[in-house]
Structures are given as C-alpha cells and as structure tokens.
Amino acid sequence: MSLTPSQIPLVPKVKKDTIISLLEEGKRIDGRKLDEVRPIKIEPGYVEKADGSALVRLGETVVLAGIKIELGTPYPDSPNEGIMMVNAEFVPVASPYFEPGPPDENAFELARVIDRSFRETHAIKLDELVVVPGQKVLVIWDDIYVLNHAGNLIDAGAIATLAALATTRVPSVDKDADPPIIKRFEYEKELPMEKMVITATIAKIGQHLVVDPNDEEESVADSRLSVSFVRDGTIAGLQKMGEGALEPSDVDDMIELGWKTAKKYFDEIEKAVTSYKRMLKNNAT
Amino acid sequence: MSLTPSQIPLVPKVKKDTIISLLEEGKRIDGRKLDEVRPIKIEPGYVEKADGSALVRLGETVVLAGIKIELGTPYPDSPNEGIMMVNAEFVPVASPYFEPGPPDENAFELARVIDRSFRETHAIKLDELVVVPGQKVLVIWDDIYVLNHAGNLIDAGAIATLAALATTRVPSVDKDADPPIIKRFEYEKELPMEKMVITATIAKIGQHLVVDPNDEEESVADSRLSVSFVRDGTIAGLQKMGEGALEPSDVDDMIELGWKTAKKYFDEIEKAVTSYKRMLKNNAT
Amino acid sequence: MSLTPSQIPLVPKVKKDTIISLLEEGKRIDGRKLDEVRPIKIEPGYVEKADGSALVRLGETVVLAGIKIELGTPYPDSPNEGIMMVNAEFVPVASPYFEPGPPDENAFELARVIDRSFRETHAIKLDELVVVPGQKVLVIWDDIYVLNHAGNLIDAGAIATLAALATTRVPSVDKDADPPIIKRFEYEKELPMEKMVITATIAKIGQHLVVDPNDEEESVADSRLSVSFVRDGTIAGLQKMGEGALEPSDVDDMIELGWKTAKKYFDEIEKAVTSYKRMLKNNAT
Amino acid sequence: MVKKTDILLFDEEKGVRHDGRKPEDMRPVRMQVGVLDNAQGSALVEFGKTRILAAVYGPREILPKHMTLPGRAILRIRYHMAPFSTTERKNPAPSRREIELSKVIREALEASVFTRLYPRTTIDVFIEVLQADGGTRTAGITAASLALADAGIPMRDLIAGVAVGKVGGRIVVDVDEVEDSMGEADMPVAMMPGLGKIVLLQLNGSLSREEFKQAINMAIGAINKIYEMQKSVLKEKFTAYSEAGKNKQQQHS
Amino acid sequence: MVKKTDILLFDEEKGVRHDGRKPEDMRPVRMQVGVLDNAQGSALVEFGKTRILAAVYGPREILPKHMTLPGRAILRIRYHMAPFSTTERKNPAPSRREIELSKVIREALEASVFTRLYPRTTIDVFIEVLQADGGTRTAGITAASLALADAGIPMRDLIAGVAVGKVGGRIVVDVDEVEDSMGEADMPVAMMPGLGKIVLLQLNGSLSREEFKQAINMAIGAINKIYEMQKSVLKEKFTAYSEAGKNKQQQHS
Amino acid sequence: MVKKTDILLFDEEKGVRHDGRKPEDMRPVRMQVGVLDNAQGSALVEFGKTRILAAVYGPREILPKHMTLPGRAILRIRYHMAPFSTTERKNPAPSRREIELSKVIREALEASVFTRLYPRTTIDVFIEVLQADGGTRTAGITAASLALADAGIPMRDLIAGVAVGKVGGRIVVDVDEVEDSMGEADMPVAMMPGLGKIVLLQLNGSLSREEFKQAINMAIGAINKIYEMQKSVLKEKFTAYSEAGKNKQQQHS
C-alpha cells in the first residue's frame, strides 16, 4: 500500500516562491544554471572486499554502490543466464527522514528503475555468467547504499552502479567442488558488459525544467522524470515521479535535457573508471 | 494471539431488538424465511487464466475462488500424494473493516475449515497427482478471494471452491525436462475427485436458528456452527464460531438445518457445473 | 535497532536504597549472602517427547530447555560437522513485561551467549553427527523456554541447557531412505560431548558484587557480567550487560566469583544427571 | 514417524484401544493451579503425556489505547506450542493452526468471562503446550479456565474440554496423538458444564449423524468428570489459602 | 510458458499482431461502475483478458491519528494481484513490483483528486487484478479513477491509461502479456485527458527518440477513446440513478 | 574462503602475525568527524580495512509518544552491516548478531551520554559497517562516540574500543577477520578511558585466567592510544570551526 507521506517536511511557501522567482531569472537556489549538474566525484574501488564498488558524491548527495558476486540458481525461463539483482538501502545515516527497516517504496522504485535500465538493454552479458547450465549461475548483486540524501538519489545511484559494474571483476569458481564454490578474492576476468547505461533525472518546478535537482528543489517540484539512456542515445527507460502532471511537450524537453545530462555523467564515469584501471595496472606491475 | 475485535461496528441495540422480534414472528430482516438461503449465482470459469475458478454471489456476498496447479515437493509422510492448499484473502475491496495485509484469524479459519472438509474426506484423488514419486507432485492451490462481504463467507467460499474444483482441469507436465515443467494452458484431464464436499453455516440469534446469515445477522448472532457434508450426508467437519454458547440440542438442530441447506448448495453447484461443461463442450465442437 | 526500554518498571528509589544499605551490611533483600545462589532444582527428562530436556528452578525463576534433533544441511565451511542451534523464547506466561512475538534483543542475547560458550569450546562432538558427509548432518536444537522470570535467566538457561544436553539421546537415522529420515523415539546413543560448559552471572550493585541476582537486584544493578566456564576453569565466554560501567578490578573479582558459582552449578547438574541416568537404568532393567 | 501399519488402533477382540484403554476411558488427568509466580493466575493440566501451562495477566491496561473497548475488557488469547513439544520440532513462529486455535479458544472464553466488569482493560491468557500428545486445545482451554479462576476473574462457569473421536471404527474419548493422526475423526468439545452449554466444538474427519450423537454424549460425560476435578483442585487451593490466612489475590494486587 | 520461437509477434505481410490486431487497435474494452455493494465507489475494467476491480472507501478517519495531515486527505493506494490472476500462481504477499506500482498509481491519482477538501481523513483506493494479461497498471488506474468518480470524490479530471509498446519492430497500442514479455518495449501512459496532462509515464525497454514520439502519440489517441468510454459509463449510471429518483451517495452516507 | 591450512597465524620465529604485525601492534587507524552533511554529528573510523560510518540524529521527538520517557532521552542504536561489507554478501535484514551487538553498544553508550538533559526525546545513533575486517563493533562504538561528540551531545567521557584476542597461542591486539575466524579467542573491549571504566566487554572463545589478564591489559593500552586520536581529531575540528568563526551546532539547530 502506498500512502501520501505525512513525515516529509512542508517546505515553507516562501521558500517555494524564492526558488521559482529565481528560476524565472534563469537561476537556481544553489547558484547553478538550469541545465547544470552539481560537482561529481566518483571513487571506484572504495570497498576492497566487494567485487566492484564506487563511492559517488553528486553535490552533497553521497551514494555507495557495492557489487558482490554469488552463486545461485537460474530463473526457470532463463536457464542459461546469470542474474543481476539491484537492491537499494536508504539507511538512516543519510537523512532525518529515513527510518531503519526494510526498503520503502522509494528505495524499491530507485532499485527497480536502475534494474530495468540494465536488464531491458541486456547491458551485462549474462550468458557468460553460467557455471553449470540450467543449475548454477553467477548472481551479480548491486547494493546501492545511500549515505547522505541531498536530492537526486536515482542519478547518484545510477552513476555509482555503472562505475561499480565497470570496475567489477568476476571471481573464479571451483567447479569441481560439489556444490561449486566461489574462490573469494581470486579474480578471473572483468564483468562482461555489452552496453553502458545511465539515468538522468529532470525536475519540473512551476514551468521550469532543471537537471539534477537537489533536495530542496525536489521537495517543491511538481514532477520529475528519470530517463535512462544507452551510450548511443537510445532511451532505455522512463519513470515519471511526483504528485504533479506533465504536458506531452514537457516530456520531449525533459528527454532532451536528460540526454545532455546523461552525456556528462557518462564522461565523468569514463574518466574515473579509466584512471582507476590505470592505477590498478600500475600497482600490479 | 487472538484479540477481542475492537473495530467491528457495534450494532445498535434497537437493530438487534428488531431482528429478534421479527424472528419471533418467523421473519428475517431481509424478508427471508428462517431456513431460506439467499439467491445463489455461480459462474464457473470466471478467470480463464486459472486452471479452475468460480465467481459466487450469495445474496450480496461475492466470493471468487481460483485454482492454480503448480509443481511442488510432497510431504515427507505422503511421498506419493499431491497436495491441496487452501488460502483465503479478505481483500480490502470487500468491506470497510478489511485491512490490507496478511490474512487474519478469520481468513485463516475460513481457509482451514474448507481445507479440512476436503482433506479429511480425501475428496480429491491426490494419489493421481504424482509426477515423480517421492519427489515431485502437483499442488492444487485454492485461493478464495472475498470481493464483497455481506455475511456467511464460509458458505460462499465453500460453494466457490467446490464449483471451481469441479471445473478444474489438470495441465500437462513435461516430465522429460529437468526439472519437470508444467505446460501452461495445455490440459490433460479433469481434476480427479472422489467426493463432493460442502459447508453450510447456521446462526443462533436469541433462541432462533437461521441458515445463511447475512452480515447484520452475523453481527447480532450469539454463535454460528459451520457443518461440512459429503454428498451422501456424512458430516465432514464442524466449526463453532462466535462468543456465545450452544445447547447440545441446538447442535442437533443445526446439523439438521445444515444438511437441508447443504443439499440446496449441492443442487445449485451441480446445475452451474453441468451447464458450464455443456457450454465448454459446445464451444469445442 | 536497540532502544532504551520504556516499559520496564521503575524501581522506587527507596527500594534501591534498601537493597544497597542491606548490601553494606553484607545482606541481600531475600536473605542470601552475597555469594550465595538461590536453591536449584533440576528435573531432567521433563519433556518425554524431546530428545533431551530439563526443567530448572533457580529460586523462583523457572526455565525449561528442550532438545530436538533434526536432519539438516551442513554449513558450507564445515561440511563434516553437525550443527548446534540455540533459541530462547521469553514466552509471555513468564512475566508481565514479556509480549507475545518473535524473540527480542534480550532473548537473542541469552541464546547467543549460551550458544557461543558451547560452540567456541567445541563442547559437542559435532563431527560424530554426520549422516552423509557434506550433505546431511544432525542439527541439535536447544530451545530455552522461560516460564517464570525472577531474574538471572542466563544462568538458569545455561543450567537447563547443560542438564538437557547431558541427558540427550541421539535418535537412529534410516540412511537407506531417500532422503534419510529420523526414526523418532528409537535411540542409538547418548549425545557425544567433549566438554561441560556453564555460565555464571555476577551483578554489580553500587560497589557490591552479588552472584545469581534476582529480578529486583537486576533492576537496580549497574552492570552484570556473565562468565562462561569449562569444567576445568577455563573461561569460555564473557558478556557485560547493563547500562553501567565496570572497573578493570571489578572484572577480575567477578570472574573469581563466577568460577565459585559455576562450580556449584556444575555440582548440582552432575547430581541431577547422575540420579536421572540411574533412574533410567533402573527402569530399563 | 510411526508407520501406519504398525499399530492396531482398536483391538475388537479385547475391546481396547492401542494403549489398553476402553473407548470411554480418559488418560490419567492431573491438574494444578498457582504454579507460576509472576502470573495473576496459572494452571498446569495434563491428559496423559499432553502437558499444558496456562497463565493469566490482567485485567491490565494496554497501549495503544485505541485497541481497548469502552464497555468491557478485551481478551487476548495465545495458544502456542513449545518447539520441543511435538514429534518434529515446531518453528516457534505462530502457525496458521495456532492462530485458528487461539481464535476458537478466545471465543469460548468470551462466553464465560464477565468482561463487562473491567472496561478499557485487557485480560491476557497465555496457553503454552509443553508436550503435545493429542487434545491440546481442549486441555489448553481447561487449563486457561483454571488459570482465570486462580486469578480471581469472575466467570459464569468454568470451562472443561476433551477431544472425542472415531478410531478403528469406534467412538472413543480423549484421543491421543496416534489416534488423532491415524483415526477417522477428532472432535474437540468444550463446555461450561454447570450450565450445560457448549462453547467450543470442532470436528476434523467424518462422522455419521448417529456417530456424532454418540460422540457428543461421550464428550459430555468426560467433561463432567473433568469439571469435578477442576472444582476440587480449586477448592483445595482456596482452602489452603484460607487456612494460611492469606489470599493470593491480595499478594498480587 | 510460451516458447519464444512459437509466436510471430508482428506479421509484416498481413500487417497484424499475433492476435490479429492492427498496431493501433485496442483489445475490446469493457467498463462497469458500482459493481460492489460495500464500497463507496467501485469499477470493473477489462482490456481483453485483463480484468481489474477497483474500490474506494473514504474519505474516512484512520488510526493512529499521527498519520493524517491537517491540510488535506491522504491517499492510500494498493495495487494488488490475485494469486490466480497470473500464469504462474503469485504469492499474495506484496512484491517489490506491486509496491512500486502502488506508488506510481498513487502519485498519478494525487494529481487529480481534490484532497484539500477532506483534511485529516484518508481516501483509500484498492485495485485488485483479477486476471493479468498485460496493461494491468493502466487498466488499474482507469478503474481506480472510475471508482473515485462513482464514490463522488471531486477530481480535476478523470484519469485514463493504456500501455503502448514496441513489438516485432512496430509501435503498437494496448500491449498484451505476450507482447509485453516478448516485445522490445512496454510503455504505460496515463493522463487526465480533458486537461491533456500526463500523470503516469514509465518505459520498460528501449526506444529511439523517434519511436518514443510515435508511441506517446498513439497512447494519447487511445487514451482519448478510453476517456469517452469512461464518461459514457458514468453518465449512464447517473442517468439511471436520477431516473430511479435515488442517489447512491445517499445510500452510503 | 581462506583455507585454514593456508595461513600461519603466528610466526614464532619472527615473532609476527600473519600480516607482519607484532602482538601489540594495531592496524593503521584513521578517524574523521563531520563527514555527513545531514546528520547532527558523524564520524568515519578505520582500523585497517575495517571501515565504519556513524551518524547521530537528535535529540529529537518520536512517535508514538508512549515510547519516550519522562525523565530522560531514550537512545536508539542500530549497528548494521552493508551487504557488500563482508566476504559473502550479507542479507540487509538485521541478523541475530546485529541485534545483539546493537544492544551491547547501546548499553555501553548509555553509560556515557547525559540522557537526563533531554527528557521525552530520542537520540539516534546509526552505525554502518561499510567494510568488515574484524573488530567492527569496537570500531563502531569508537565511531559512535565521536559522532555524538561531533553532534555536541554532552557525555561523561568518550568511548574507545578495540578487539584483543588469542591467535596461534599468543595474546594479540586489534584482531582482524582472519585472526578472529581462525584464532582461539576474540575479546572486544570498550572503555571510557578518561574514567578508566569498562563499558563493553565480550569474549568469544577460550582464555585461561592468566591470558584474560594479559588480554585486558593489552586492550587498555590500545584503547588509551585510540582515545588520544579521538581527542586530537575532535580538537582539530573544533579549532577549525572556531577559526572559521562558525559552529556546526548552530548550523543544525
């Protein structure tokens, strides 16, 4: 059951007015331009015990994605494919409004939006993750941990996920053991990826569209649209959020703005991943 | 833990008085005779994607039973028998007093009363539902969905269950696959049934016994007795409900009234099932 | 999440003062000496349908431990060892402050303290409990049931556990069946034990240390220390409890007092077990 | 697990059941009240190996308050089986069966307790099955009613219960686990015997109309015997108290 | 399970989909309001074999009170699938998918309901999928909006929805389960059609920018047709009522 | 999984542990406060690869109110492990172990926080294990205490902790995961070092009375070092603040 939230702080009307009147002048409350994302810092390999990980700061939003690879049973309708599972935890360190407990609808939505963008585009080569056909496959667990919530968790989670997956290594499996076991921390190869996928979120506040909304902007926004993209610009998912409505023309504009933003995200991730892999290589030699 | 319900509406004393003084004259609040059931409408095959189903209207009470057949593991003490599972959901569309969430004690009771009446009489030939002896058997899931609660859910649920089971077809199983899989919507045979079983509920209000109580009658009744019967009149289960007490002689009378009622239910079900099967046959040719 | 308890009765300050001023004189509120345990009554075999059991009265505290042996799958990292599981239920018959429901943090703590003391000392010869190496092993379930809470549940639970384990018999297993099954109530041997382990708890009230605190003493105690011991005096576990602090020298004194107490517990258990086994033998002949 | 072929449920020749009892014989019944120190009232009841502990707390307040009722006490009843009470270990989480039995026992107790005396409170009755060998719900309600009496809660009458059944073709009283699981019918009955009223009645299995009548009459006979034992154990206790010149109610209030 | 090779999703030769529909064809749509007796409002909506029941209770009070809001009604929305509604039986406990869909449907309804009229109350909308054959969330919100109208809850506009998608390379409207599970994209869209506003938009799968535009336009076309049906079924009902000289609102108050 | 035979836990010849440390050596310890923007106070603490984040919210109000206490703040403490923090992925639902550790950490913190200053409120301390390599509960309470100080909550003293243990027959300080899982004993200790008081003490494994004394003394030595680091990192922060002429407390109030 989904309930109208009763805990979220009401943003004072005066704050909303300030935000909108600034937008009328093309300005945002934190000084950004409407199509400007906050500073991004990406730290792959933050959790050494994970098979892949990335700490991402998007402005003051902090998200940590950790990838663990496990053995599991394939789905009956895909006996020859590995499995990707996305889970998001809005842990209570991150916000006064997060409570300890199982994921709520917002955490499920975030996880499922990111999950679908990877799943539907076959971004990971799941067929290369089979251990015993029809019986044992590798399960790629992507756990998205929100550490500080200052808005736009979906984009931060998507950036962390892609940076983590792109630096994930697949551990060796002892197939002779019965049942087979993973040889922890002995790596065989990089995670085989077919496509790079990212999600960019645009908020509509009054009549204005802004990219990468911060928490104050989110709380006054009428709606948000998260748009997932493959590196080549194909749309790989949409999710409208918020209690307001969108004009059809808004959606076109939001997709366009989303793609502009997505390209920035891809660039930042590629830089961080390349530099991390170079560092790893240097350390190895 | 079972708690005295604190949400149930208190029936005004005047209403109770009205119901009882009408009963003194041999009348009921909705105009029925004491041993008269409400109009019954039975629609087998209501859910085409189920393996069997029936929508039942008992007066304004509406119940939908859906049968799905799945593969499962036999119980250790019955390795060569299929399994019947009865589950009841009192979904919140049906009543202002039903809350979303897992089944409560009333839903469990309804499911278990019906479950026992079939299980204890070996009504379904479970030994014909074995796929791999000791390893894989068919599981008959009977999900009873209450859509409108206007009293006497047990009888409505029992009627829906019997009508659904009597029109259930058993899907084919691909036994060569490993593990075996059900071929959805390819049917092999009808569900093999040994006995027809129904449940009829009698309420005691003041000193009066009435069949098929509606919701107002239930809320003023002292006690109810659900009596399950096999088609030949054998008692196949009893369940006393309600916060009041019964005289031993009441019980005899209630069983007698129950059997009169059960015969009506059997008749209605047989009519509906026969006409549904005739229709199916006509459609097939 | 652990919360400061808000339901526990506040002990009136005057009661606390009484307890402490008595302690100043070397006396306790129930007349005991500071190092004196309450009367212990141990009744092994209380639950005949369990594979081992013991009812223990420690003063007015009553605890029942029941051992059931089941078949299970070994842990991946110990394929050739049986499993011991300790579970504690603080059932609501035992105290006005126990609520029905899953175990709370106190029940988990009790179970885990006892569990660790046996596990870490390899008290049970788990390698003798393998049915099919790597696949099927025996699982020793120790369920600790608190029936009356008058303080010091850990010691009572530990005494009941040891008395129950020491009188547990291992049922025969039909290894030819597929899957193997336990032959209930046909016994093969005694549970193979390597070591005897017990836990003794010392409370610090003001500046005084008392053994086997009762419920009133617990509620005014600053801290408690549970010390587990092997029969030879080796420390097999420590658990500091309570919202107060301990001096390092307190800990030494508490371990010393704990060992004195533990020896009494061992003596009582040995007496009860010996007399129970003698009775069994007499009955058999 | 007992193999179904191993046991002769009813020996026609000797006219006895698998454990030597005649159809109308109960197992040895033992009762004790005031067995727990913390509870306002408590009882231990045994029917053969079936052993039940019941405890009563209340009338007392509960939170949140919107669960109470202005005109009466609510009852909160839990029937629960200890994990070690059954042949195979029982998971301590409440099963569907335990939830149903808690309900039918609550409804039976509602018929006897004068709940209107304690508005806006709860009376809690906790029933723990320490060993299960058939007839646990009827032994449980027998124990619960004793515990309520021990707690001094006013009631219309005590409640006593027994499970009758059909085993090897015969109607028998006080069915044990073997008879329950292998017999043709198990029928738990509980009554307020002084008032002659049935407060709990269930039937699992098949009976003809005739067999039902025979079974209910057998149940009534046994219940009356159990009722006498209940009264005698309570009398003993209150005599003991008055002799000692003290009263448990006062201790706890 | 349908084998993926068995089905020709789009027959280029005939220009038709696996069930004979043209890309722009909806399945037969049926709607009915006032189908449940207890609810303040209710509706049954069918898109082909997809069959959805929605019921509205409220505005009403809820406990605990700290969940309400002083300036408006809260909405409580549950999208739930019956266990027998799906090809494989669905566990009745809410899945992650059902939790997400309840949220997106709630947010869509928030855009249309005048919640400020009923402070400190809850308006509950329960959506039950009785049979699932694709497009359940959009049929569900269509039914929910009808049920709200049937309950007389004031709204800015009705909401109508449909799932469009890409199947066998073609953009098609009202995708069914086969098309959803084997196609390239499934895009549920819901609007307040009178206001021309989108209140629900999701996309599972891949579309080019061009395909998206084609798809959204197709959705808008279908939604307008659904909207007309909604209005006509409501008109029928209220005409029937006024003829009979009675009013359902009064019945329920 | 590391095979038990692969590792020499203590090299008697060189007098060093599997990672080259001497018995009395801690791993590199790093501490940082004020790392999270939303929390009133926060800290990141690392012992080698063990990496813990702690955040404090409060004193603040909670609902339902009947959980608060009239004479003091309640503490709500959660020790929680991230799913990717462990060798095998950890299910994020709280395990029995996490529930127990939350309790012992809460009791330790109760000894230091002046809860009576904030009646009818809650002070929440959330501890997240980002990477687990032994000693997570003691690093966790070290971080929690720093976060409380960072939040400006008055305390009797800071709390610092370390796990000592017995490994390959030797008493060693700051055991890591390999030593914990393959060694003979793991003994977490936490103290208010300025007051010389022990607030957390557990022992998993076996020690003789002599070994225990040696272990506790080693723990006290290490704890005093950790305490100095805590004080220095807090001093740095508050110096930085006063230089910048601003105060975090004010920011958040």
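For clarity, chains are labelled A, B, C, D, E and F in written order, and residue numbers in each chain start from 1.
FYI, contacts are C-beta pairs under 8 Å (C-beta built on N, C-alpha and C of every residue); 3 or more make two chains touch, one makes a residue touch a chain.
The shown structure was predicted, so the numbers you read here are calculated from the model rather than taken from an experiment.
Kindly list the shared contact partners of chain A and chain E, in label order.
Chains in contact with chain A as well as chain E: B, F.
Under the touch criterion given at the top, what is the topological distance in steps from chain A to chain F?
The distance in steps between these two chains is 1.
Calculate how many whole Å lie between the centre of chain E and the centre of chain F, each centre taken as the average of the chain's C-alpha atoms.
Using C-alpha averages as centres, the distance is 51 Å.
Using mean CA coordinates as chain centres, what's the chain A-chain D distance in Å?
Centre-to-centre distance between chain A and chain D: 57 Å.
Can you give the whole-Å distance between the Cα centres of chain B and chain D?
28
Enumerate the residues of chain A that touch no fewer than two other chains.
1, 76, 100, 181
Two-or-more-chain contact residues of chain F, please, as numbers and ranges.
If we look for residues of chain F contacting two or more partner chains, we find 1, 64, 66, 78.
Chain contact topology under the given definition, line, ring, star, complete or other?
The chain contacts form none of line, ring, star or complete graph.
What are all the touching pairs of chains?
All chain pairs meeting the touch criterion are A-B, A-C, A-E, A-F, B-C, B-D, B-E, C-D, C-F, D-E, D-F, E-F.
Which chain F residues qualify as touching chain A in the complex?
Per the stated touch rule, the residues are 1-2, 36-39, 42, 49, 51, 53-55, 57, 60, 78, 80, 82-89, 92-93, 124, 126, 128, 130-133.
Give every residue of chain D touching chain F within the complex, in rising order.
Within the complex, chain D contacts chain F at residues 63-64.
If you look only at chain C, which of its residues touch chain A in the complex?
Where chain C meets chain A, its residues are 1, 76, 134.
Within the complex, which stretch of chain C touches chain D?
46-50, 53, 60, 62, 64, 66-68, 70, 87, 89, 91-96, 100, 102, 141, 143, 145, 147-150, 181, 184
Across the complex, what residues on chain D touch chain E?
64, 66
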